[in-house]
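Next come two complexes, and both contain subunit A; in the first it sits with subunit B, in the second with subunit C.
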Partner chain A sequence: MTTAVRNIEASIVILIAGSLVSLLFARWRKLCGWVSFAIVCASSVCTGLAVVRTFAAASDERTILSLPQLGSRLSLRIDPLSAIFLAIVAVIALLSALYSVRYMEHYAHDSVAKFFPILLLCIASMTGVLVCTDFLFFLIFWESMTLTSYFLVTFETENAASQRAGLKYFIITHGATLCMVAAALLVWRTSGSFAFDAIRQSLSALLVAQPLLAHTIIFLFFLGFATKAGVLPMGDWLPDAHPVAPSGMSAILSGALVKLGIYGLLRVFCSFVVAPASLKGWGIVLALAGTGSLFVGTLTALRQTDTKRLMAFHTIGQIGYICLGLGVGTYCLGTHPALATIALAGTILHAINHACFKSCLFLGAGSVLYRTGNRDMDQLGGLAHSMPFTTGTTAIASLSIAGVPPLNGFASKWLIIAACLLTGMRFPLFLLLGLIALFISLATLASFLKVLASVFLGKADESRAVEEVPISMIVPQVTLAALCVLLGIFPQLVLRFVGRAIEGVTAMPLTGVGAPGMWSGLQIIDGSAVGFWSPIAILAALAVLALLSYAIQRAGGAQSRSVPVWYCGEEHTPSTVRYPASSLYLPFKHAFQGIYPSGRIPVPRFPASLRRALDFDRWLYTPSVKAIDRTADRVSRTHVGIPQIYLLWIVIGAIVVTGILLWLRT
Partner chain B sequence: MTAWLFKVFLLCLLNVAVALLLAPLCEGLMRKLRAAIHSRIGPPITQPYWDLLKLLGKEDLRSTRGSVYAAMPALTLGSALLLSALIPLAGMRAPLAFAGDLIVVLYVATISGVLIMLVGFASASPYASIGSSREMMMLLSVEPILAVALTVGAFKAKTLTLGGIINWQVQNGPSISMAIGGVAFFLALQAVAGKLPFDIAEADQEIMGGSLVEQSGPRLALFRWAMWVKQLVLALLLVQVFFPWPHFGIPPVDLVTTAVKVLLVLILVAVIDVVNPRLRIDQAMGYFMRVGVSSLAALAFAVIGK
Partner chain C sequence: MISSVAVVMLILPVAGALLSVMLKGRARPAALVTAALSTAAAVWLTVAKYGSVYTKMLWHVPWLRGIVDVPVLGFLVDPLASVMLLVAAPIGFLTVLFSTAYLTDKNREHPVKSEHYGRYYFWLLLFIASMVGLAVSPNFLQFFAFWELTTLCSWALISFYQTETSLRAGFKALLMTHVGSGFFLLAILILFARTSSFDFSALGMLPDGLRAGVFVLLLIAAWAKAAQVPVQTWLPDAMEAPTPISAYLHAAAMVKAGVYLMARTLSGGWGFPAKTVLLMAGMALVTILVALSFYFVQDDLKRLLAYSTIAHLGYVLLGIAVGGLGSTLGLRGAVLHIICHGYSKATLFFCAGVVSYVTGTRSISSLRGLAKTMPLTATAFFVGVLSVTGVPPLACFWSKFMILSGAMRLSGAIGPCIVIFILCETLISFGWMLYIAQKIFLGAPLAAAQVAADPPLAMNATLVILMIACVAAPFVGMPFVQLIGK
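This part shows the complex of A and B:
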């Protein structure tokens, strides 16, 4: 009999064994890519089966290894929440692996042996993190995920920027892991077990007995997970690390890996903490952290001119939305169950949607980089005609991240903002946070209009011929863009499973969001139905009205003609009059200068005496070599090449030897 | 089910027809008023209709190829009309109220502006790019004010539906917070309608119409029409949410009173337009920043129950 847990085991084993296999093929770049893709395919199918089985039947638990002395055992369990994140990891990993097959040609000087095997290990550890029910093994998988992703970020060994970003990532995330280890050990000291269930029980006991200790533990967990998720200010590693990784990896980092931080936060705040009073305080902390990072992250993104760096800052912004939703949900968890479910549904839905559009955006930026070798928006332009698929998918994903209805980003932002406003009616602080979230979604739009305008729209320089990327790179982008549209029009499809996940974690059914029928879409229920969003009705109305407008446009029977751009009678080439990305929204950018404080950390100098002490060459090797050399030199001076002198030496030697022998005899 | 769909369709049609057909008339009235203040005779009130008619027959010169670019004008006008179906014409319930609450209205209200900006960027003219960039900055400074004003209503009525807010207003009468919200919304309306002193994005004398500099013929007609529709519909939203009195409960009478109030609002907009010179973009942004912060006072009043 196969169960969901067996499928996941198979998936992890396939990936780990597969990484060795792909290492064997590393000499042939393309073949290695395809082999790795096949392995990810197999593992994703297993993970997919596990997800389907989890939703079809009750989850089971399987213990593989037990360490009773430590109070720990490696046991795997899949509940609906982990199933949703497993689905994200499986889909994003599959598409990124397919994309990377051809994309890795971009790095001609670096061996793919440094990429594909490690990528497979990274996916395996992400899968492992999601199915562990024990903190010790959770941390082991977590750490291997951090390490493998570090090696993928620093893939370009010759590139100083990527090495530096990798080092920053390494240091900050290990600080975070340290916090989590400390938290786990503090809980272990009281309960003697690392199991999640035991942590929940001992934490709720501690909240009554030793509130200070309990809140310290929660704070340490928060620091650890929020750092990985990229919540500012701990997420400062993210805008450096995401752009320098190969684009397939950037998509996994932003689409799946940072989501695991959100998964951890959801686990900690929705199922570990049970006291309503402390939930309220932590809800406000989470919401403020989320609002801070969506505000600062997005407005900083607006200033960037490097496509991938801009998108990395938007990851901070969007994670801010997720964290805000989580905060509202946590705040309401004890007192207003309906509102809590609205906010949590928005949180999980936004995590899913963000995986779709942000991965698509990173892949799009990767395609542009692959064909033009450039990430600087000031130097790009007019790619729409030469790269229609990349342009189309990036445009859909851009509008989606900006929350333009009826794409998927809107549905989840709508839930989060509605939850903020409704909670704000009880506690007005959230009203303000909801309004900031609304404003920032417009700033996101501004930022992505800039990307579209300066990379894809406008006229291209005639001198540079660019063509569309190969089909294996188009397919992942089109799939993700299609998901953006599909999940936007039918949010009910996912919401059912999100509801199961919320019920699994908080033991509360999804009472806040109703989906009464196809035409009426989603309803927000707070006592009575107070909010409505029906994508199908809106889309149908828009389609009819646009057709009507088109009929009006054609009514006069006007002829159309292609003409050159009119530069007020002067002759210019497109490149000389292009309005560059760095000039867009300049007054607005000036208004928010310095919002992202950046200071150079002085690198501590290596003590000179220690350097000298460690320098064996200097005080051991070189002096002894020189001494030996000198001695040999002196000895060789006796060899003058005249036989008479040699004979003389022999005679003198014989006399001396005879003398010594005689002396010894007496 | 079919009967219900049919009813929704007819009501939508009414809203859309009113917005589509009366928008040019309002613009004509505003032009006439501007001429009167300038001591000119001015064009006849029906002039915008003739303008549209003439443009629909003119040759369509395109600087950019592509089917998405070709579909932009229809989508723009379509989304402006969609907004009209989300806002109640008279009474409490918009035809598409079951499909969108005030958050949806706020997002849908930006779509037509976004499409015009995209057209500007796509048309490859530097003037259009500057126009689109300015339009985006204006949107960034104005949209939060609309959001704050509508949120005050939502807070008061404890619902996110426009109908619920209007209903609460009719039941409870005027309040300080809603009045402040209404004033803030009105100040923002001036910029959303693209009137002086905030027509920075079009600024005919500097950047020759901004985003639409490369548009001509039927395309230009549709973009113009979309802007007029949006101006009318947002004035309607202002009147309906913030000044719904007197409410008689008889649809035809309410329709007439609403029309009169909308006209008053638009006349006020036109007067401000005539007597002001254009601001620079940074001045406008600073102004709306202050308006936005002051409009938070409405929220504060609402919280203390005024």
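This part shows the complex of A and C:
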């Protein structure tokens, strides 16, 4: 009998065993890559089966290991929410593994033994995180994920920047994990169990009995998950760690790994917290944090000239959108179930969509890096002719992240912003946040137009012949771009499952999410057409208009001719006439100069006086040993070697003894 | 059968020690075989007696006849002793294995000629024997005898190179731990004078006030042995010892004897006044803090590891104190920490040994980019660092987590305070240790680090075994630990 949980177990076991297998093949770079890809394929198939089974029938729970003295069990269960994230992990992992097979040739000095086996372990721990129902084991998988991704971030051992980024990443996220350890232990103190269900119960009891403690616990959970998700200011590790990782790993980091932070937040705020009053407060906190992230992250991205760093800042920005949606959803959860449904559907849908387009973007940046060895947009240009697939997929993903309809980014942002604005009718703060989010989309578009223009358009360098990346690297990019289009036109394909996930995770009664027909687009069943958006209709209208304009052009007999750009007749090289990325949007850059403060934290010095005080040898032991030594020396000085003196001592001693005895008698 | 295996386990290393002296330059195979057999016996003993308490008293002490008419010397194998055996014997064997490769004239830091082998293996095997004997001691008297034997062995081994500094360090270790032992002896004498018994359970027969006094005396002895504040200063100086000895001394022997004494004292469940137990917990926290403050100025890799050991023994004592305050989980966590920390710290020290063997230096500032030439050592060091600092899923996370959850069980605000303190310390020490690991092993190699010599097979084998142990230790320890305090 096979069940969903069994499939997941198989998937994790395949990955862990596979990491050893791939280690055996590490000597042969390409073979190791293909072997690892095969292993990821097998595990992704298992995970996929588990996801399908979960939506077909309710999943069972299986306990593998039990630690009664800690009140903890390693038990696995898949609910619709984890199934959705499992699907993200499986797809992104599969495509990134395929992409990395050839991409890792790029690193001639570093052995792939440091990459593929650890990548497999990382995927295994991500899978584990999503199926645990016990917080102790959740934390173990969680930190295994951090640990393995740390080694992937520091893959280039001789690159000082990647060392620094890795250290920062690991220390910040480990701190976050310790926050969660503290939170879990505080809950455990009252419940005696680490199971999710027990946490929910004791947290709701604590919210009544000891609200301060309960809110501290929630805050610690928030800190832990938001750090991983990359919500500012805790997500400061993200723009450093993403660019230095190998691009396949950057795609996983941004597409899947930071999403698990969102998964955690969803669990905490939709499932653990049930009191409407505290939900409202935390909803505002989440929404503010999200808006802050999306504002600062996106505007800082505008300043970047390094492609991967720019995308990393956009990850912060997009996570900000997700967090904003989650905040609105949490705020409405207790009071306005319909609005909560829209917001949460937008949140989860955006998480899915972000995985598609951001991974595609990172892979595109990786392809450029692979062929040109460069991430600096000022030195790149004109790659559109030589790398058509990369250009096309990056263009689609760029438009998608900017929320251009009818791509998938629009569908989810639409839901989030709609929920914001509608909630804003009742609580004006959200109106403001929604408007900010709406206008920041423009900045996203601007920033990605910069990428497209400076990397792919313009005049190409004739000196360097650049060709398209190999087919195994094109396939993942094209797949992801196709998903962007597909999910944009048919969002209801996944929305149905998102609806199931929301129903499953929240403890509140909610309005259902429905997707009545293939062609109806987004619709939240609420009696009203609040979340309505029909991409097919828009697409049809656009197609008609395009046909019409084409027909007019043909009818008028207009001629188009292409001529080279006139550079005033001067001799030039492509790099001198290109419009560099750093020259774009200068007024914006000046206006928002200090928006992302950065600087080194001065290393606190341990006061020397305190250290001297703690050095017991210095003021205690050495002096006392010396004093004993001196005393012994003095005593030994009484041994002068003259018999008369000894006799004198004896006489004195006898007198003293007699004296004492006499004194005792009386 | 059981008792004869126990006797063999104890006698074999002693026999090996004597053989080593006789064989001199060819001592290595004999040492290796006897240590391996003794380890096998120890493992068999723990497995065979799993879940039960096995006591067998074998010998009288002749001059105590008339006062104590029951045999005083013998064996006690209970879950606590099993854990200690599983630390002392296998790590002892690995130390011997590592030494066979480390103590050669190829060593770039300290070449050793073969005429010194006899002396080295004699003391090392005697060290193992005394730790094994201490682990299975059924009463305070035997405990004390082996306790002093470990002091003696560590004195001889710390001074092994016989340089000015190592002689001084050895003497310092001897002096400080021996003064501590004086308190231990005093405690035993008080106990014996009042109850005519050396048994651990005799503590329960003492009147309350006196019991607290005896407890404090034992505590001082344990502090000295386990290098706790205020008597921690001998341990960093003891780094003059050959690196395998440092590994054994830190991971399994000597310092672990101190915390083992406290675990024995408090695991029996004789109530001690909360004030004295709180003193123990408080000093453990102070020790952790003091040790942490010394991390940042160390340039000698081994000294850094020594301060980390001090902090971790503080963890163990903290856990035991939490157990003494009524939370059995804390005591179990502390005992689990003995085994988890043992294997993790051994990994780190052996890595430091490999580094100094290959490059001839232990100075952190002159090492960089070693991962290029010694990937296995680098992996082992990272595993060790992450394990010691308690990153899940590696060994010390489990034990630390158990100690923390034990502390959480305490009533009042003390539990959360301890937890917050420990978590902060964990984050800082984690960050620093990771930084040091990166500094030594990653980055572009420095001139001093560009040595092509691969470490010998015996060293690599030791590291691989220990890396596995860093993952497996909690799973081996957990079944034993959960029987403690039942």
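Rule of thumb we're sticking to: the second predicted complex is superposed on the first by the 569 of 666 C-alpha atoms of A that agree within 3 Å, B and C clash if a C-alpha of one lies under 4 Å from a C-alpha of the other, contacts with A are read in each partner's own complex, and residues count from 1 in each chain.
The criterion applied here is as follows: a residue touches a chain if its C-beta (ideal position, glycine included) is under 8 Å from a C-beta of that chain, and two chains touch if they have at least 3 such contacts.
Remember, it's a predicted structure, so these values are computed and weren't measured experimentally.
**Student:** Counting only touches as set out at the top, which of subunit B and subunit C does A:L442 meet: first, second, both, neither?
**Tutor:** After superposition on chain A, A:L442 lies in contact with subunit B alone.
**Student:** Just checking: does A:Y621 make contact with subunit B only, subunit C only, both, or neither of them? Give me first, second, both or neither.
**Tutor:** second
**Student:** Quick one: name whichever of subunit B and subunit C touches more residues of subunit A.
**Tutor:** Greater contact footprint in residues on subunit A: B.
**Student:** With the two complexes superposed on chain A, say which partner A:F410 touches: subunit B (first), subunit C (second), both, or neither.
**Tutor:** Only subunit B; A:F410 stays clear of subunit C.
**Student:** Touch check for A:I140: first (subunit B), second (subunit C), both, or neither?
**Tutor:** second
**Student:** Of the two partner chains, subunit B (first) and subunit C (second), which one does A:K30 touch, if any: first, second, both, or neither?
**Tutor:** neither
**Student:** Have a look at where A:Y579 lands relative to subunit B and subunit C in the superposition and call it first, second, both or neither.
**Tutor:** So A:Y579 only meets subunit B here.
**Student:** If you look only at subunit B, which of its residues touch subunit A in the complex?
**Tutor:** 5, 12, 16, 53, 56-63, 65-66, 68, 71, 73-79, 81-82, 85, 96-101, 103-104, 106-108, 110-111, 114, 117-118, 121-126, 129-130, 132-133, 136-137, 139-140, 143-144, 147-148, 151, 154-155, 158-161, 164, 208, 213-214, 217-219, 221-222, 225, 281-282, 285, 289, 296, 299, 303
**Student:** Which part of subunit A faces subunit B closely enough to touch in the complex?
**Tutor:** Contacts found on subunit A: 382, 384-385, 392, 399, 403-405, 410, 414, 417-418, 421-422, 424-425, 428, 431-432, 434-435, 438-439, 442-443, 445-446, 449, 452-453, 457-459, 519-521, 524, 530-534, 537-538, 541-543, 545-550, 552-568, 574, 577-579, 583-588, 590-591.
**Student:** Under the stated contact criterion, what part of subunit C meets subunit A in this complex?
**Tutor:** Touching subunit A from subunit C are residues 175-176, 229-233, 290, 293-294, 296-297, 329, 332, 369, 371-372, 375, 382, 386, 391-393, 397, 401-402, 404-405, 408-409, 415-416, 419-420, 423, 426-427, 430-431, 434-435, 438, 441-444, 478, 482.
**Student:** Can you list the residues on subunit A that touch subunit C in the complex?
**Tutor:** Residues of subunit A touching subunit C: 67, 69-70, 111, 113, 136, 139-140, 142-144, 147, 151, 154, 157-158, 160, 163, 166-167, 170-171, 174-175, 178, 181-182, 185-186, 188-189, 606, 610-611, 614-617, 620-621, 625.
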